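Okay, here's the structure, questions in a sec.
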Amino acid sequence: MDFTIAAFLIQDGLTSGAIYALLGLALVLVFSVTRVIFIPQGEFVAYGAMTLSLLDSGKFPATATLLLVFGVLAFLLDLWDNRARLNAPVLLRNVGLNLVLPGVIYTLALVLAPMQAGPFVKALLTIVIIAPMGLYIYRIAYKPLADASVLVLLIVSVGVHLAMMGLGLVFFGAEGLRARPLSTGSFSLGFLPISAQSLWIYGSTIAIIVGLYLFFEKTLLGKALRATAVNRLGARLVGVRTQLTGVTAFVLAATVGAISGILIGPITTIYYDTGFIIGLKGFVAAIIGGLASFPITAIAAIGVGIVESFTSFYASAFKEIIVFSLIIPVLIWLSITVSVHEDE
Amino acid sequence: MSSSRRFIPALVVLVLLAVLPQLPVPPFWITLLNNIGIASLVAIGLVLLTGVGGLTSFGQAAFCGFGAYTTAVLTTAYGFSPWMTLPLSLAVGALIALPLGLITVRLSGHFLPLGTLAWGIALYYLFGQIDLLGRHDGIAGIPPLSIGDYRFMSGSSIYYVIWTFVILTALAAQNLLDSRVGRAIRALRGGGQAPEAFGVNVARAKLTVFVLAGVTAALAGWLYAHMQRAINPTPFSISMGIEYLLMAVIGGAGYVWGAIFGASLVLVLKELLQRLLPDLIGTTANFEMIVFGALLVVILQFARDGLWPVVLRFFPSKSSHRIRGDAPALGKREAPSPGTPLIRVEKARKTFGGLVAVNDVSFEVKAGQIVGLIGPNGAGKSTTFDLITGMNSLSGGQILFEGKPLTGRSPRDIARQGVARTFQHPKILPGMSVLENVALGAHQRGTGGVLQSILRLERTEEAALMAEAMRQLERVGLAEFKDRPAGDLALGQVRILEIARALALDPVVLLLDEPAAGLRYGEKQELAALLKKLRGEGMSILLVEHDMSFVMGLVDHLVVLDFGTRIADGKPQEVRENPAVIAAYLGGTA
Amino acid sequence: MKHRLLVSIAMAATLSVSGLATQAYADVTIGVTVSSTGSGAALGIPLKNSVELWPTEIAGEKLNVIVLDDAGDPSIATTNARRFANDDKVDVMIGSALTPGSIAVAGVAAETEIPHLAASPVPPNVSSGKWTFILPQDAGLIAKTLFKKMQDDGVKTFGYIGFSDSYGDLWVNQFKAIGAEYGLEMIAEERYARPDTSVSGQALKLVAAKPDAILVGASGTGAALPQATLRERGYTGTIYQTHGAVTFDFIRIAGEAANNTVFASGPVMVPENLPDGNDTKEEGLAYVQAYEAKFGEGTRTQFGAHIHDAMAILKKAIPLALEKAKPGTQEFRAALRDAIENGGPFPASQGVFEYKPDDHLGLDERAVVLLTVEDGKFKLID
Amino acid sequence: MSDRLLRVENLHVSYGKAEVLHGISLAMKPGSIVAVIGANGAGKTTMLNAIMGLIPSRGSIEYDGAPVPRSIEARVAAGLCLVPEKRELFSSMSVEDNIMLGGFLRSPSERAEIQADVYQRFPRLAERRKQLAGTLSGGERQMLALARALMSKPRLLLLDEPSLGLAPKIVIDILNIVAELRNTGVSILLVEQNARAALEIADEGYLVELGEVRKSGPAAELAVDPALMEGYLGRNA
């Protein structure tokens, strides 16, 4: 190995690490606010990438239809929940959020899809289609179980994951898709060529991390989310609704997932089931961060990316084994240092 | 949990299982039942691990893999006979589970499931990389099981082998849960503090159940290898691990029979979906996964504890634990002669950050005494209590028990010395019967291990433990409730139950944390009478109490704390007149 | 609510099972198990689709076709196969799409004595069985053609990158078996998993080894990732791809990077380019035209064609068997097996099958063509 | 506005199968302090939690002449606010953030206004606004809990053992603050162990034992009730 190869590998590791970081952050976000171990996070990534890729080829993305279906389901559930006190404002809110919003997005996709708009319009449309899915998935699958145990929520996540993956297979087919990069071309840093897409990845990851930081530090809603993570009862007592923070966390996660998909779609082939394995690597990072620390998760994710990159060079056949075994030393370390706590 | 409870339905099911292959049922049912049987084995392990022990694992499929590959390699490459490899397969499962368990079971909550997720994947990929294991193609040509010349080739012949193992394993699991070790495992869910306080080694109980789950999964893998006769890494992947967990959770993660129910439900459902969906929807697209995932979500939304409890509701049953009259008595500790010092607290100090919770407190409990430790809320009583029982470590000073320092000892160890306690917020296991809750207190007076429990070789000791538990229930006056779930009791009764449980430890001294809180007047009187009776029988008691009227006529000695400091110490009458005590209790400037 | 749910599940179970038990046995029954979900879905779905193009009857006998999904899991494949054998009393079974599943089905076929057409390659110990016949080209056949081409192109050393699964192992094993005969030396061996998002590390190592050529052992669009990465990393030598990679999705995803590549392929990908009179042209055209009419332009695959070929064989073999016995009987199955083994040659879209008692692979060089990509299309070499 | 700000009738609460509140009734006038005293485990905290909507209950709770709103946040918006026994602060967030979140349901301008007010009332907190809540002393934490509660512009404060674990001098400070709050128009339902001090600042008092109201009446009368004293000091037990 020489310096050039090392530089290539580090660059490659940073690129995948940045994506894992986004996933890891979303997982930590969702878990700390809702106690949901959100296995389907990877599906948002796959949906995002595949939606963008379909838009690239001028096709109408089936995810928009899916959004509409989710919306109708959420509408019916809300209707049922509020059957005892059905008044105009409640109904209006329900119709607006669950029917009009996805309807508008659906129409937008219908109009924009064949137009072959610029890459940024397509990327934006992708985010607009995927992000509200977080809301509906929370509403449909998790809200009725808001006070369930972590285990039950975890199994529900598995169910959601299977359903979303199945939907992905039906809508996108079994073959892989690849999106067009946001901008082509590359720059060179000395001997190292850096593609514009990887710059997008670094830039977006940093922007999202900064954005999340600002959201959590500077906005009241962000603080309410943090407050919920720190002390759920305290947050409820000041009037922060569990549902509000839950929905916000899920929408943020879906948005971050969609963006990850847009970023990763052009550099690799995405299948309906790719999301799971990418998501799991985000999990490795999130576990190292104790499912609580954003900065440690982000750093760990970069670490996972770089380890993965180097093992793919040195021992490619053992790559997955090494990457997923990474958490074992972390667990050993935790089991030695962390004192035994009472479970919740 | 006695196995005689659902005797008749169990017999019916057993007979049905036995004759099924002889009936003119579609042979495909047998294949499906074989798959269900193998999945049930893994799910039973998961019920022990997850449902009973509260530890979630996604990695059980990998343990199946170890069982399957062990026998595959030994039978194909080294000519072992399949029956010879059975113990070896199980041993490999146990050997792998041990280090993984050591690493993971000490961690609480979500680290375990996520940890198992990660190593489940790693192990799957590892199977595909090892030449000895045939890499991704796996190993074919595994010999079938055979007895003499008879070879278990057909589905309906291996059916009997599989279901014999399933039933034996289920019974073994049932036996285990109905034993001393099982009670310790069942206690894990209530948090580690309480079991430690009556001598259960929580870490070891967790490790035990983890290894047992690994062994059952390895057994399933062994059977799988000889049923399929060709293996490769696919059936041992993480998605199978997830599916096994689904079976356990959907079935009802706390019930051994729920595991079999869950496995049947999941596998039958998948078959049905595959058969029925294309006709229902009129397309051959793959909706199975979607419907399966959605069903999972819906089932959990309606039946959070799984479906087995729902099934059980159709079969209301009352169980009653028979106490054997001829049960031998357990060994008893020599009671110390009255007046000898038992607990000496010397300048005990505890600080949390800058806050001094216990400020150089000293007092003494002598044998045959009831000592009250009182003070307003937040005075440091419970912290002092935790210092004595080892739940918290001292920042300064020392605590002696029978002249020996307790510093640095674990709660378990302190309990073993004969210091039993109750909790301010009672820590009972609501689903377990009153009798079993008390028997848990006698945990460290028994020695029966896992194997004895499974084979029911510890029945004499178990009878003795139960008889002892019964004796303590009679002693405190709860005998009539022995078979009721502890969760049905009123708060006052629960507090008494905790005392009975503490007594079952055969303690030298009883530490009671606010035993009268939340009790009705009459209940308080009864409690006071009970404590006096215990003192009469030579028991020493240290009780933390907030309610002065309760302690006044009861205790021999009172220690009053306020803001972590001892403000009075003496006979109840003297203490009551103490101006500092009046001020602390009524506030203002008395 | 909960009770009702349970009751309805129980009812559904009873209904469907009782439905299964009373199946009519008069028609010719065919059981197909493929992986239409799971990791083999990309292979299984075209197979499943192609079943829809089958005729509804042969020689006046109605065809009763049952398609099941095994999700790539051999135990489910076994379950499916047992169900075919015991409940549906099939006369012939087909599947699965992945090798482990096919091995599982072959086991049941041998046990229950039902002819089995495997839609994926299986190892020799399975293909030498009495009841299993292999539809796809044997890896040895493809490898021979590829290695010969490499030798002809003057390749001495090559680097290998393949899936970290049995497909990836397959080509290494082939090389170890016969590579030396073609004067080839493998100087680097790299692996990756299908869901991997990057193979940069492997590509760097391959490029650094400076091989004359690179062989990719991967299938479907998964084969496009190393292709693209190698080109990105400046590898200009010829890249050789196996028949698994020959899909239009590959070109769509690899784009420009697909140039200067040699593919071994079954003839079905380019029947239009085959000279008239080629033994596979007629069946190939029939299949791709029917398939693309139903599923869209540019959707043909190598895998789906195996299902067509299975029918090409059965169309000829079933009438032969019908002369000897009635469908649904063991005699018919045995007769069908004999007809498949001895009734050839069967011209089909992927080659001409001529099975013999000691050869259940049945294909010869006519089953392999060499392709390259030009202007975003596959083109026949020579 | 009703002459009864809060009216609780026949309130029952069960945990599982065990009932812990057996039909508590209680009423309070606007602008008053009502003290609820009783031993540990008597059900005082349970009662507050039920009024706040944290746990399900049977019986009627009327707030301001109408049934109390269903959700917790609607109760907070309507001016009900609970300061729980354990304070439930956001320990890893700053004092300022804690206070700000107290006004989560208020408009930004309102929030700014009350915030200035709160800092004036609690100068200690103003000094420590950047400090993490978890690093405050016990008294400061209780002040912060009160301050956070005030941010929601409450009309009825439910205080659960505000003096718990505080040094005597600080207990007096806190209770003085509570007494002052009444003068700003906030009504207070005060659960206290420190019976005499609580009754000293209260208008009315309730003695709760074993989930039932044992005695109620003007605070001044209860304060000199000899039976009450017995209960606390155990004379004649």
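As written, the chains take the letters A, B, C and D, and residue 1 is the first residue of each chain.
As a convention for this text, a residue touches a chain if its C-beta (ideal position, glycine included) is under 8 Å from a C-beta of that chain, and two chains touch if they have at least 3 such contacts.
None of the values given here were measured: they were computed from a predicted structure.
Student: Using C-alpha centres only, name the chain that sits farthest from subunit A.
Tutor: Measuring from the centre of subunit A, the most distant chain centre belongs to D.
Student: With contacts counted as defined, which of the two, B-C or A-B, has more C-beta pairs across the interface?
Tutor: Between A-B and B-C, contacts are more numerous in A-B.
Student: How many angstrom lie between the centres of subunit B and subunit C, each centre taken as the mean Cα position?
Tutor: 51
Student: Compute the distance, rounded to whole Å, between the mean C-alpha positions of subunit A and subunit C.
Tutor: The separation of the two C-alpha centroids amounts to 35 Å.
Student: Just give me the whole-number Å value for how far the CA centre of subunit C lies from that of subunit D.
Tutor: Roughly 73 Å separates the two chain centres.
Student: Listing for subunit A: what residues touch at least two other chains?
Tutor: Residues 166, 169, 317, 320 of subunit A each touch two or more of the other chains.
Student: Could you list the positions in subunit D whose residues touch two or more of the other chains?
Tutor: none
Student: When you check subunit B against every other chain, which residues touch at least two of them?
Tutor: Within subunit B, the residues that touch at least two other chains are 125, 129, 286, 288-289.
Student: So which chains actually touch one another? I want all the pairs, not just one.
Tutor: Chains touch in the following pairs: A-B, A-C, A-D, B-C, B-D.
Student: Could you list, by residue number, the parts of subunit D that touch subunit B in their complex?
Tutor: Interface residues on the subunit D side: 16-18, 20, 39-43, 137-138, 161, 163-168, 171, 193-198, 200, 209-210, 229-235, 237.
Student: Give every residue of subunit A touching subunit D within the complex, in rising order.
Tutor: 220, 223-224, 226-227, 230-231, 233-241
Student: What part of subunit A is in contact with subunit C in the complex they form?
Tutor: 5, 8-9, 12, 15-16, 19, 166, 169, 173-178, 264, 267-269, 271-274, 276-278, 308-314, 316-317, 319-320
Student: Can you tell me which positions in subunit D touch subunit A when the two form their complex?
Tutor: Interface residues on subunit D, with respect to subunit A: 52, 54, 71-73, 76-77, 81-82, 84, 88-93, 97, 100-105, 148, 151-152.
Student: Quick check: in the complex, which residue numbers of subunit B touch subunit A?
Tutor: Residue positions touching the partner: 50, 54, 56, 102-104, 106-111, 113-115, 117-119, 121-122, 125-126, 129, 191-193, 202-203, 242, 245-246, 249, 253, 285-297, 300-301, 304.
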